[in-house]
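Note that the chains take the letters A, B, C, D and E in the order they are written out, and that residue 1 is the start of every chain.
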Amino acid sequence: MKKIAYKNLDLLYKEIAGAQELYLPVKVAKATNFKKYEDGVEVDIKSLQTVKSAKDLFFPQSEDMMEFKTSGKNIEIIDARKTPAPFVLFGVRGCDLKSFEILDRVFLAEPVDTMYKAKREAVTVVTLACNNPESSCFCKVFGVDASNPKGDVQATIVGDEMFFEPLTEKGRALLDSLKCLEDGDATAVEGEKKAIAEKIDALPFVNLDLSEFKGENLMKLFDRPEWEDLSKACLGCGTCTFVCPTCQCFDIRDFQTNAGVKRFRCWDSCMYSEFTKMAAENPRKNQMQRYRQRFMHKLCYFPSNNDGEYGCVGCGRCVKKCPQSLNIVKVIKKLGGKNND
Amino acid sequence: MQRIETAMIEKAKALLSSGEVTRVLGWKKGELGYDVEPCVFKSEESLKDFCYNVFCGANLSKYLVEESKKEGKILVFLKPCDSYSFNQLIKEHRINKENVYTVGVECQGKVDPYKLKENGIEMVDSAVETVDTVTVKGKEFKKEEIILGKCLTCTKKPLSYDDIISFNEKREPVLDRFETVKKLEAMTADERYAFWKDQLSNCIRCNACRNVCPACTCTKCVFDNDNSGIASKANSDSFEEKLFHIIRAFHVAGRCTDCGECSRVCPQHIPLHLLNRKFISDIDRLYGEYQAGEDTDSKGPLTNYTTGDVDPSDVFGGNN
Amino acid sequence: MQKIGVFVCWCGSNIAATVDVKKVADVLRLEPGVVISETYQYMCSENGQALIRNAIKENGLTGIVVCSCSPRMHEATFRKTAESAGLNPYMVEIANIREQCSWIHKDMDEATEKAIVLGRSAIAKLKLNAPLTSGESAVVKRALVIGGGIAGIQSALDIAEAGYEVDIVESSATIGGNMAKLDKTFPTLDCAACILTPKMVDCAQNENIDIMTFSEIESVKGFVGNFKVQIRRKARFVDEKKCTGCGVCMQKCPSKKGKNEFNMGLNNRPAIYIPFAQAIPNVAIIDPEQCLKLKNGKCGLCAMQCQVNAIDYTQKDEIIEREYGAIVVATGYKPISLENFNEYGYDTYKDVVTSLELERLMNAAGPSDGHLVRPSDHKEPKVITFIQCVGSRDTSGCGKPYCSKICCMYTAKHAMLIREKYPDTEVHVFYIDVRTPGKNYDEFFRRAVEQYGVDYIKGMVGKVYEENGKLMVQGSDLINNEQVVIPSDLVVLAAAIEPNPSVRKIATMVTASIDTNNFLTEAHAKLRPVESPTAGIFLSGVCQGPKDIPETVSQASACAAKVVGLLSKDKLKCNACVAHSDETLCTGCSVCANVCPYGAITYVDKEFRIGGGKTETRRVASVNEAVCQGCGACTVTCPSGAMDLKGFSNKQIMAEVDAICKR
Amino acid sequence: MDRKEQAKLIKERSGTDVRKCMKCGKCSGRCPAYAEMDIKPHQFVSYIEKGEVEKLLESKSLYTCLSCFACVERCPRGVAPANVIEAVRQEVVRAQGGNKVQAEKIPETINEAIPQQLLVSMFRKFNK
Amino acid sequence: MQEMNNEKRPLIVAFCCNWCSYAGADLAGSSRLSYPADVKIIRVPCSCRVNPMFILKAFQRGADGVIICGCHPGDCHYTTGNYYARRRMSLLFSMLDYLGIERERTRVEWVSAAEGAKFSAVMNDFASKVAALGENKRLEDLRCKE
């Protein structure tokens, strides 16, 4: 167990960033997101949640795949994938860490997504326990322990100090390399963890009933009439999918540059009318169908195909960010099971 | 203020039972108090979940584009700002007015849940509202401390309605709506560039601003249309952040009623309304004051002209 | 797969001296899609064109780019060349490497490089070109003339003479307009009735002319060659076909308090009346405001007296619809209202009259049978003072900023006529400037001064007031630098003229543009002065700007010539580069129609499939290709990008941008 | 200050565009004080337009103009001769200084229909 | 801007209306009134055909300045096109300025078919102002610059 005084965190960041790239919650113009640490940035480590999730680091919003260079009538094909240098992702919360597991199931399954894999392998994750979980948090429902978030290194703020506990080889190596840290005592951390667990148990959504969401109920759930009302106010904007740590859909697009064509992939959203557009059109023609797709995928299709693992980590971003206050909690409460009443 | 909600429910019940309307567009209670959602109620019974309170900030007018196509009349409750959007949509033939029964409702500013959170309040069991204050969890706030940005500058008065439910005079706006625009104009070009670079770099192109906007009702947006030449799904370069927001603001210029929904819904809190307000302030300054949505038949400033209009070289309002 | 041919012209040394044309051809040959790239000394020559024709045929080219002079010079030439080789003429693009390259640059490398970029840009555009064909529309061989004054009469007569049918729609009960009210006309002093009434009769007798008086335009739909016009024939309560114009009803009518409009309200007429003796049609009309039968059902004397049973108290407005190929607007003018000019006392003193009223007072058929007397006491005036520019050239907001053009001449005419007929009358004229350009015009004015001794005073009148039964006219004499007061018996005001107010409504209906003074705008101030920018709409007379009778008649005939030119065509070839609305994208928001200068955009409800076997009805824009001139204003105003312009599409222009920026 | 400058100043102070004058003389045609004026209202406009101020500065018209604004009211071109006269008067008065009419002696309530400018010009006129 | 002189010349896209300004450019050519080869003209039917999209697209592609030329107000071949263009461009340019983009990179000029000399003078002036600003950094797309 290592520790550092909270006021000295900047030294820590500087030291990490001196050796490899460091990504952590940074506030720019009122919004906190994972960004690269550079001199002068405003680190916002205490903020419970970044707007965009940490998945951005492995599966960025937009990413080059290949290039076609043209000159006259000739075309040259260039591999645009980059080999990432080792980097540290600092301040990841339990829910976001859990989301990596879910994304791994998608991107690391055959056929392996090489671009994702390279970045997953290059990272050292430092998680941070949630001292002040919010009413919109329901990670516990999906088996996340926000007081014990895991990762390569697990950090906990106790009073005016931050404690670090290495959990993997990578984590240990990172901690060992840092000279600004001093040895710490685990007892204070244990106390804090207990306090956090108590806070979590008092949150409003921690006892959501998911019992109805299982493979054999698929058709029944699909045909539930409540979808119509649940989705009524949905604007189809896609905010929920873009802030969601587990949404993994992307589109592959071409951009014509002055020298040829860049092929890149970028996030897509099942909320969009252009999503999975086929020869004719999007098979899901109205917003109710698109809305249903998103939640059925997270709560029914995904667990059916992945040993019961849900496609949601209970981070509550959609609860906070939906312009019209629609969210997965409302879906679970309506369709999840009797104990939600 | 509670009696507004009561009066609204009574009105809705009466119209539903008389058969004059078949549906009611309003707000439904949420799980955490502040997360009320727009909802179409189809029966008197379902109105038990109906609510109208300080959290009903969403603009309902856009839902009518689809709802007014359906059979039967729908009752809609319009806040003053919603009613301007409604009028503008009527002007653009996007709403079938015959299928809508409009009831104007009093609004003295709606609460911004983020501002509540900043004040340490997360869940809301009940909120007691007066014209100038809101009391949540026993704590009394002045409106200007916790209402949405768009409400701080609101001067909108109720427009023509079939019926109106209003008991108090509208409170005066706290701020001049062009104050921030003026501040930006007074900056140097470098400062302005830095400001917008920071703001727009946060844009995740979730399209919330566009999809909530009552002026953005295109069947297919140019940014979704692969044939348009500017379609894109994510910002792959900082240029695309600017392109999206400039074109979007331009497309709604002269049609934007300044309802402020774009900034309310932005997950990154980008003050997008400042782009629209820049156009509004330029239009007011250069072509005479114009409030989109104030009527249903005037020509918009961009589909109009006078022979003596100012030249593009002489339009700059701010510093260089 | 596209097969593009590139043809680089030397233009002798015009291009070749500064641009390495061989290099341009060689580089462009490498562009994707290009299968042949050649140079020639004079591409526009017969040999050069043959080269292009052969290349198109031999290589099966789908499009050609000619790098040469400005498209304004030879685009049409090369389009014809392409067409003769079986290629659609719109599959031709020109890269302007002469006016916009070789002639302005001196450095060979620089100019060659730019020529290559311009060539690439043209190729990029061409790749997105689509074959276009000009639409055709049939022409209805009938013209509508709105307004039956001298302008409308002359236009109608000339069109009818050329063998086409014409309808005159006149809002008052007779044709003739303002000219019929005039006494004599300048500069020859022949009587207006003597020269106008024969023309009116000609109209009535011409088989090709149909006169609809007491009628108004209700709506105009359609476009050049195919207007559909609704005309409201207002109830006159007299059957036009039966009435013989005998006038017995007028004598028997007991209600005689109606203001006689023809005499400018200077005397009264019965409730049933014929506007004036030579009215066309010579048919009575009942004024429902004055008629006792129509007001309270008690009378019916005229019906009893009428030998031919022409009176019909139950007559209602009737709306008829007709089709026209061309519309002539000849709505004329009226004197402005003088309510803003109380300094002249027009509303206060009976003996302050307008010039048009004076015309009636001097007219043999007028209220005083041509004997000039003052309206107040019917005595002969001994001192008459004229005031010019009343409301003309006035930028204070009370009057009109323009010169009414006719006042100087008619005031001279009045002064002269009075001095001739009543030599012992003293005549003064206050003027700011005397403007008499025109054949024999200045001579005419000088005659008034030199031969008839009219007293012209340079200066304006400040006020008119009454003192001892005289109208005291106080004004400046700027030449003598004194203030003068002229005790007068009659004061005549040369009121400014303004377009007939009905023109606004009509302009909106036919989507013709109108200026700030409500005069109709011509398509080009110098080169197309009798056409409106809206195709098929023509301008005749004062509705376009102030003018006198000779000018009006010339313009009316010019207008007729243009109409005849249009009607002589069986089909109209339309512009091929027109706007086009993608109905799947259009939301029907109507902003495009707001900016269309030609009224080419209308909206229709269309059914669309929305999946699941369902359909929905949407309002979408539809462009009338016969009317669209291809400016593109609509394309930019359309937020959804549904509106695009053929030949200059969004994608084509953006492809040009891309190609230019490639480096 | 040379005459040119002075003319420019007077022009500016008058707030009227003398070039708009089309020399119709309606101002002088209406002027009730015409007989008492050595230089007539239209001449004021004309002189100022030509930049000749000398004669104007000595004119007795400055003190016979009633400031009734009839000329302003009647001008068809929106020129204001009275304002020109007023501007010249100011030029003269400012050069002299000293007040004859004292503000304290003005009654508290004045007929509201009296134009403000008339009151002001009264001060200027009777302050020699 | 020194480095621009040799290696990187500024790139200027000029949208010219077919009836006045394009003809004015032709007249400049026939009169041999030179202006920098950096200026490349795109012919459009009317200044009202210029979509803000085209202007932004040009900047994205690497243009350093964009100028729109049309008939003088009141002389539009289509009677009213340039009036709309004037309003649109006024608002667009003011917005670009608001975002901190240099004012001198955009311009609207009214050039008639008779004003060959004006066309040349305008282009010379615009090109030198744009060159002085240097490369367009604030409205660039890095993908188009590689």
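List of remarks:
Following the convention adopted for this analysis, a residue touches a chain if its C-beta (ideal position, glycine included) is under 8 Å from a C-beta of that chain, and two chains touch if they have at least 3 such contacts.
Not measured: the values here are computed from a predicted model.
Listing every chain that touches chain B and chain E alike gives A, C. Fewest steps needed to get from chain A to chain D, stepping only to touching chains, is 2.
Set against the C-alpha centre of chain D, every other chain centre is closer than that of A.
In terms of C-beta pairs in contact, A-B outnumbers the other of A-C and A-B. Annotation: 46 Å between the Cα-based centres of chain A and chain E. Distance between chain C and chain D, defined via averaged C-alpha coordinates, is recorded as 46 Å. If each chain is reduced to the centroid of its CA atoms, chain C and chain E end up 35 Å from each other. The distance from the centre of chain B to the centre of chain D, with each centre set as the mean of the Cα atoms, comes to 56 Å. Chain E has residues 52-53, 57, 61-62, 80, 84, 88, 143-144 in contact with two or more other chains. Chain C has residues 595, 637, 650, 654, 658, 661-663 in contact with two or more other chains.
Going by the touch rule set out above, the chain pairs that meet are A-B, A-C, A-E, B-C, B-E, C-D, C-E. Of all residues in chain B, only 184-185, 189-197, 222, 229-230, 236-240, 242-243, 246-247, 249-250, 253, 275, 278-279, 282-283, 286-287, 301-307, 309-313, 315-318, 320 touch chain E in the complex they form.
Contact residues on chain B toward chain A in their complex (touch as defined above): 30-32, 34-40, 58, 62-63, 122-123, 195, 198-199, 201-202, 204-208, 210-212, 220, 224, 232-236, 261, 264-265, 267-270.
The residues of chain C lying in touch with chain D in their complex are 343, 389, 393-399, 432-433, 458-463, 474-478, 481, 483.
Taken in their complex, chain E has these residues touching chain B: 52-53, 56-57, 59-60, 73-74, 80, 83-84, 86-103, 106-108, 138-143.
In the complex of the two chains, the chain A residues touching chain E come out as 255, 257-259, 262.
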